[in-house]
Amino acid sequence: MGLTADEFTIQFIATLVKFAIVAGLLLQIPPVMVWVERRVPAMMQRRKGPNRVGIFKWRIYGLMQSLADTIKLIFKEEVVPEGAQKAFYHLAPVFSVFPAFLIAMAIPYGPDIHAFGTTIPLSIIRVDVGFLFIFAVSSLAVYGVTIAGWASNNKYSLLGSLRASAQMISYEIPLGMSLIPIVLIYGTLDLNKIVEAQSHFWKWGVFLSPVSFLLFLIAMFAETNRAPFDLAEAEGELVAGFHTEYTSAKFAAFFLGEYVSMFVLSCLASTVFFGGWQVPFFSVQKLDDLTGFIGVSALIGHVTLMLKATFFMWLYIWVRWTIPRFRYDQLMSLGWKYMIPLGLVNVVVTAVVIAAFRFS
Amino acid sequence: MNPYIPVLIVLIFGLTLGAILSGLAAFLGPKNPRPEKIDPYECGVPKVTGANEKMSVKFYLTAILFILFDIETIFLYLWAKAFPQLGWFGVAEVMVFMVILVAGYIYVVKRGALEWD
Amino acid sequence: MSDFSLLMTHGVFHLFAALITLCSVLVVMSKHPVKSAVFLVVDLFLLAGLYATLDSHFVAAIQVLVYAGAIVVLFLFVIMLLNLQPEQLRGLKFSAVEAGTLVISLVGFLITVVATFKGDQTGLGDGSLDPVAIEAAGGNTYVVAMKLLTNYIWPFELASVLILMAIVAAVVIAKKDKKKTSAPIS
Amino acid sequence: MVPVDFYFVLACLIFSLGLFGALFRRNLIMVLMSIELMLNAVNLVFVAAGRAIGNVDGQVMVLFVITVAACEAAVGLAMVIALFRKYGTVNTDILRLLRG
């Protein structure tokens, strides 16, 4: 709409390039995170963790362990349990992977680039409904879990999947409600505009709406089925939850989906509450003019966002090794009896305060 | 450019990647299934009952309440988007909406539909 | 609008229409309820795509969020809860009322098709809702929100009453009394 | 753009399929799913017609239809569960015989 043919070509190529970069980044996350998730607890418990595997004589802290694991995983035998619903059994990993990739493309990874006579946004998907797109697509992730558990013909899988999906849908409401005050404050659903509105350090979402941040943080852990809410795959009781019967590359697919959605929620938390690609006390957009190179601002902004997201990824692991697992009834009553009322009160209070200031 | 062209590209990529990961194992890796191996894994104990035991109705009640609160959240998002223009009028409108739904919520809590015993 | 873009728009519509029809047939004809539910999800997702081509972004989003992400999950839960087995599709036996309704619906469908392709069209325009004007007014979501909260106040408030009644009804119907409850697995 | 009549034909097709399913299937859950299909056909008409006329009222209507659909699914499935608990089946043929 309203674009010349040249602009269309530039935008299309830019989309492909951005997509290739982000997809490449996302595919690196599970291997690195698997390594981090073994090294960090080792550090916390004063063990060494995996440190042997390396290339020739360079061990680089065992980073190649993940590569070895990946190769091993892919070449393992695939065991399809007897009595499984074959079609659904093979379909479930697909349902688990594609929503994660789709939502990852809606995050603004940096400030807009003004080049080639047009504006190139650094988020790949930018639709009118803003971050409702992320909620909409991530609500599809439930199917991967539900179908995987049901198709495996294993009662632990089924129970794990029902628990996991009930948990995911329960915490979708607090997750949605926690961001309503953000819309009230910044007046937009567009993530990029929300980031631009946080140009001043004290205007970050976490200062303007701390309760929202708390709700979002808790819901974020529960949405991804991570500790302390990892009841779906409570090792002691349910074997491994909904992916008990999955082996080889299909198992890897579930891991990919889980880690990518963790990363996306980390990025979303940094974007909405911690200024996204904004550097505190410094205007990133001016960097292009200061240095004379187009794209410096985008690069710095991108690195800033990645650092913030890395903090949240670290938090995931930190919390996992700090807080013990909840019971299922505690989990559900936390979600339904505390977080939803708190979310509603938060919305009402924010609205009344803003209205009192603006329309008095 | 239509904002849904990237959506289509990513969707196709995601589906392809999922399908590749799901189909990869069929080509790589050995295949020698034995009866013990393809038995559903229950910690080595032979299975007593089938997988499709009847499940607690709680899960269902959770799902039902989720739908209804989900719709409420969507209406709240619409209001939040129009909030700057509507002002106090919008706040009053949503207050009425919310009070009615909170009555339902209180009923659900009082009735014990959210108890997981 | 150029020829190429016109071709693309039509192509996208016809592709989606064909897929939606196919999925709808599969929803109705699948023996296994879970299969029907999965095809229903795909169907709803494709319909959301069609809404997106109609510049109804917000409707497309809630179509996925509520229909595909919530209502069909509920269907799946109930199917798993009741442990339904594939149903034996019976032959085409209808009662008189059912057959009559079916014939009427088919006749209505044929009339619509014939009317469309005879050129006797409804006379409605083809997309006078200008996307650029909507964009200038604050975007699709904003326009829908303003419409809902100014022109449709009463339906909006009544919707909350409807949801309240649904909550109460569902809990009353589905919740067992405490004493009858057999020990749940969870 | 695609003429609005095409959307009407598609909606009519989906509606007919949904009606067929609601009448033909004997599983109550399948009947409810077919009804969802019919409601979706209505939504499509609302959106397409609203766009053709040139206002967003059609889209607002879809919001209400979706609310109604959600409530219908919630209450309908609650009734299905209650029926199943009482009679042990969701087959409408058998339930009709049990009506007494």
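First chain written, first letter: the chains are A, B, C and D, and each begins at residue 1.
One rule holds for everything that comes next: a residue touches a chain if its C-beta (ideal position, glycine included) is under 8 Å from a C-beta of that chain, and two chains touch if they have at least 3 such contacts.
Computed from a prediction, not measured in an experiment: that's the story for all the values here.
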item	value
Other chains in touch with both chain C and chain D	B
Pair sharing more residue contacts (C-beta pairs) when B-D is set against B-C	B-C
Inter-chain centre distance, chain B versus chain D - centres from mean C-alpha coordinates, in Å	21
Inter-centroid spacing, chain B versus chain A (mean Cα positions, whole Å)	16
Euclidean distance of C-alpha centroids - chain A vs chain D, Å	34
Chain A: positions in contact with at least two other chains	1, 91, 127-128, 132, 158-159, 162, 165, 169, 172, 189, 328
Contacts with 2+ other chains: residues of chain C	52, 58, 62, 65-66, 69-71, 73-74, 77-78, 80-82, 140-141, 144, 148, 159, 163, 166-167, 170, 174, 176, 185-186
Set of chain D residues in contact with two or more other chains	63, 66-67, 70-71, 73-74, 77-78, 81
Residues of chain D touching chain C in the complex	1-10, 12-21, 23-27, 29-30, 32-34, 36-37, 40, 43-44, 47-57, 59-60, 62-64, 66-71, 73-75, 77-82, 84-85, 90-91, 93
Residues on chain A engaged by chain B in the complex (per definition of touch)	1, 3, 8, 11-12, 15-16, 19, 23, 74-83, 90-91, 93-102, 105, 124-128, 132, 152-159, 162, 165-166, 169-170, 172-173, 176-177, 180, 183-184, 187, 189, 239, 244-245, 247-250, 252-253, 256, 328-329, 332-333, 336-337, 340-341, 344, 347-348, 351-352, 354-355, 358-359
Interfacial residue positions of chain D with respect to chain B in the complex	63, 66-67, 70-71, 73-74, 77-78, 81
Chain C residues within the chain A interface of the complex	34, 38, 41, 45, 52, 57-58, 60-62, 64-65, 68-70, 73, 76-77, 80, 131-132, 139-141, 185-186
Partner chain D, residues of chain B touching it in the complex	57, 60, 64, 67-68, 70-71, 74-75, 78
